[in-house]
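Read through the structures below before going on.
Look at the two complexes coming up: chain A is in both, with chain B in one and chain C in the other.
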Partner chain A sequence: MSTDVLDEELRDCFQELSNVAVGRAADLLARLLNNFVIMPIPVVNLLERAELSMALSAIADASSVSAVCQGFTGSKIAGEALLIFNDASFQDMAELTQFKGEITEQIELELLMDIANILIGACLKGLAEQIDVSFSQGQPYLLGQHINIEELLNRNGSTWQRLLTIELPYKLEGREVNCDLLLLFTEDSLAILRNKMSYLLE
Partner chain B sequence: MTVPLLVVDDSSFARKQVIRALPKGWDVEVSQASNGEQALELIKAGKGDVVLLDLTMPVMDGFAVLEEIKARDLPAVVIVISGDIQPEAEARVMKLGALAFIKKPLDSEQLHQVLSDFGILSV
Partner chain C sequence: MNTDYTGLAEFHWLIEVMQTVDVGVLVLDLEYQITAWNGFMENNSGIDSADALGRSLFDVFDDLSVEWFKHKADTVIQLRNRAFTTWEQRAYVFKFRNNRPITGVTEYMYQNCTFIPVIGTTGKVQNLAVIVYDVTDIATSKLELKAANDRLAQLSRTDGLTQLYNRAYWEEMLSNEFKRQKRHAHDLSLIMFDIDHFKKVNDTYGHQVGDDVIRAVAEEVRHNSRNTDIAGRYGGEEFALLLIDSDAENALLFAERLRKAIENRRVSTPEGELQVTVSLGVAPWKESFHHYNAWIEAADKALYTSKDEGRNRSTLSK
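What follows is the complex of A and B.
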């Protein structure tokens, strides 16, 4: 069993690399929706799986959420990206995308997938470029619609016990849109990431 | 004359990167702050004639720092260095009186160019 730790220096470095990556994703989202995005401050942790739900501060009070999940891998680093929307966000999201009509579950799913493609792709690419790796992404799939956070996390089938987590709580200015992009890395990835980042830390 | 220079970023890693990117031989006294509140205190104490300012920070962000500097007419020249690359973010900081906007990851040559363009190096 690995007892790898996340020391303050490495955590700080992850946070800054994530900051640059989320900035690119925020820029794309702002262009798509024509709405200013309030940049999230990345929250980096090394957690037990059981602690994950408590760590999701940004959407913790949402009674009903929807989420997609997408795996990624490259340079012996493996992880999953989860995009979790507070269901209360969809009304405003539909308005911002000029959608007129009834917001059905199908429409919500399309919005969720569209935003996931933009945010997850840009974030992973931004992160990867800075540490000189490249990730290939699997197909995104729906984890669930209109369920609570506990149930959502239970549906995420991966069995990793400890995870490096980067939480990116996005908000749209003047809108009731709350979404949380969560990057989860396997514990084994941590040593490789540390290695890739060593030239930055020195 | 030694220039009081203030580097503001919530990440110590990012502050280190900025300090490393400063032109060699530039006569500065570097102070650091990890949020906007600390930054304003240091500016008021005369530690930040030139400020290299991040935007996304806890406690008080860079936009709020620029607002305060403008409202109180504090003697600070501000260059924003940020990962928030939305065109709207740049427009806002320029409107709030920032001298220039530099995108992260920081390119030291771009920083040198900006400092030189605005005559800050020769002060």
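What follows is the complex of A and C.
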């Protein structure tokens, strides 16, 4: 079977897996913040390099974002989780976490890392458990605060051509909190993922 | 008997590895009492495991922020989800000295930490493991790189003589404000001005004095403008100022204040004190400007009216 296409069946499969994973992550986030989290609908895609830049710009119509990425690997599946946080969300986030006082860049970073830990951790764990693997997560890396979205990918000098992307736009009910979680899998992970999911494909 | 021995040997080397591995391993119970403390923790804190075990973490590290640590730990325990902290959030969680006390550039060790919930045999979280990584070298390189980049950025946008913004950067700022203005209009005014008969100053007193005059004018600009105003050296003796939240009336008041300040300023030269004056053109923002160039042009036109009408005056654009 060809590994370089994302046929409907496989896409549905990823969709299903992601649904379960995001549900868990949303539940944890809701418990942390004591606020209802609107369940995101995962968008699964196989993107070329150039398309990813376009997809990222579409995500952030806001001009200023902060972003964290974290690598993960296990059972020959590898990728990165990328959390893009709209800077306009910090005010509401601070209120939800009962933070009082001035919101400095330092506080924003704490909030960003709290959200990243929960969403990335829970989503990856949710996915991994369903396909019976376990991922080790690297240290999270702060891509930047208050940066332009296009700056994010331009720095990357590596040679990857195509990626499996699962985009999860999280929103909080009644709040101006907007963040996007992207799970990016390398192209060579795709065949292994397909294998691991075969029980769902039958 | 034999299996017991093998089991014991295995346990022994596992402990040996944990003891010597070059990252900090710290395990706490749910009351924050220390239940494991490896060699890295012993050596860097100077506290033997015999002295650390069973004690509260907050007694051992009295400078640890209790509130911060508990918030992280409680989230990990309640949500059964790992958490990572980076040196960018907090340079260090545990105050350890730099492990290169002589050649290191920072006094303390920068750390990344991972908080891991440890599930017990009952299926509940029974302990919290904290792994401490020494990232001093990475952190210092990143900080140094950022400082160098900031310095370069600063240099590339500053005019060397006046320390105001140079023309390229000032225009970039104007262009940004112009775009913002198209979305949400605020009161915003532009002032262009230049030094009267500057060529004569140069010809009479030499370029050295010419530079002193430009510097003195720039100083008056800095003294008289607010932090939010955007001031740049536009050309040789021409300056440009973007006044945030200033309507026509305020901008004209500002222009007059600046004009008088410069008129009252004396620049010392080998041949005695020198007085210079400036001519200003003030152009408040108008909806009808389609490009920021049109705005500059409007201010320039007003500036030329000031020149034509005898110099040392301010003119509001029509």
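Criterion: the second predicted complex is superposed on the first by the 190 of 202 C-alpha atoms of A that agree within 3 Å, B and C clash if a C-alpha of one lies under 4 Å from a C-alpha of the other, contacts with A are read in each partner's own complex, and residues count from 1 in each chain.
Just so it is clear, a residue touches a chain if its C-beta (ideal position, glycine included) is under 8 Å from a C-beta of that chain, and two chains touch if they have at least 3 such contacts.
Quantities reported herein were computed from a predicted structural model and do not represent experimental measurements.
Once the two complexes are overlaid on the shared chain, A:His146 sits clear of chain B and of chain C alike. With both structures placed on the common chain, the touch criterion links A:Glu9 to chain B but leaves chain C unconnected.
In the superposition on chain A, contact of A:Gly23 is made with chain B only, not with chain C. In the superposition on chain A, none of the residues of chain A is touched both by chain B in one structure and by chain C in the other. Of all residues in chain B, those touching chain A in their complex are 10-14, 55-58, 82-89, 104-105.
Only residues 28, 31-32, 70, 106, 109-110, 113-114, 116-118, 121-122, 125, 137, 139-142 of chain A touch chain C when the two sit together in their complex.
Those residues of chain C that touch chain A in the shared complex are 75, 78-79, 81-86, 88-89, 112, 114, 133. Residues 9, 12-13, 15-16, 19-24, 26-27, 30, 36-37, 39-41, 130, 200-201 of chain A are the ones touching chain B in the complex.
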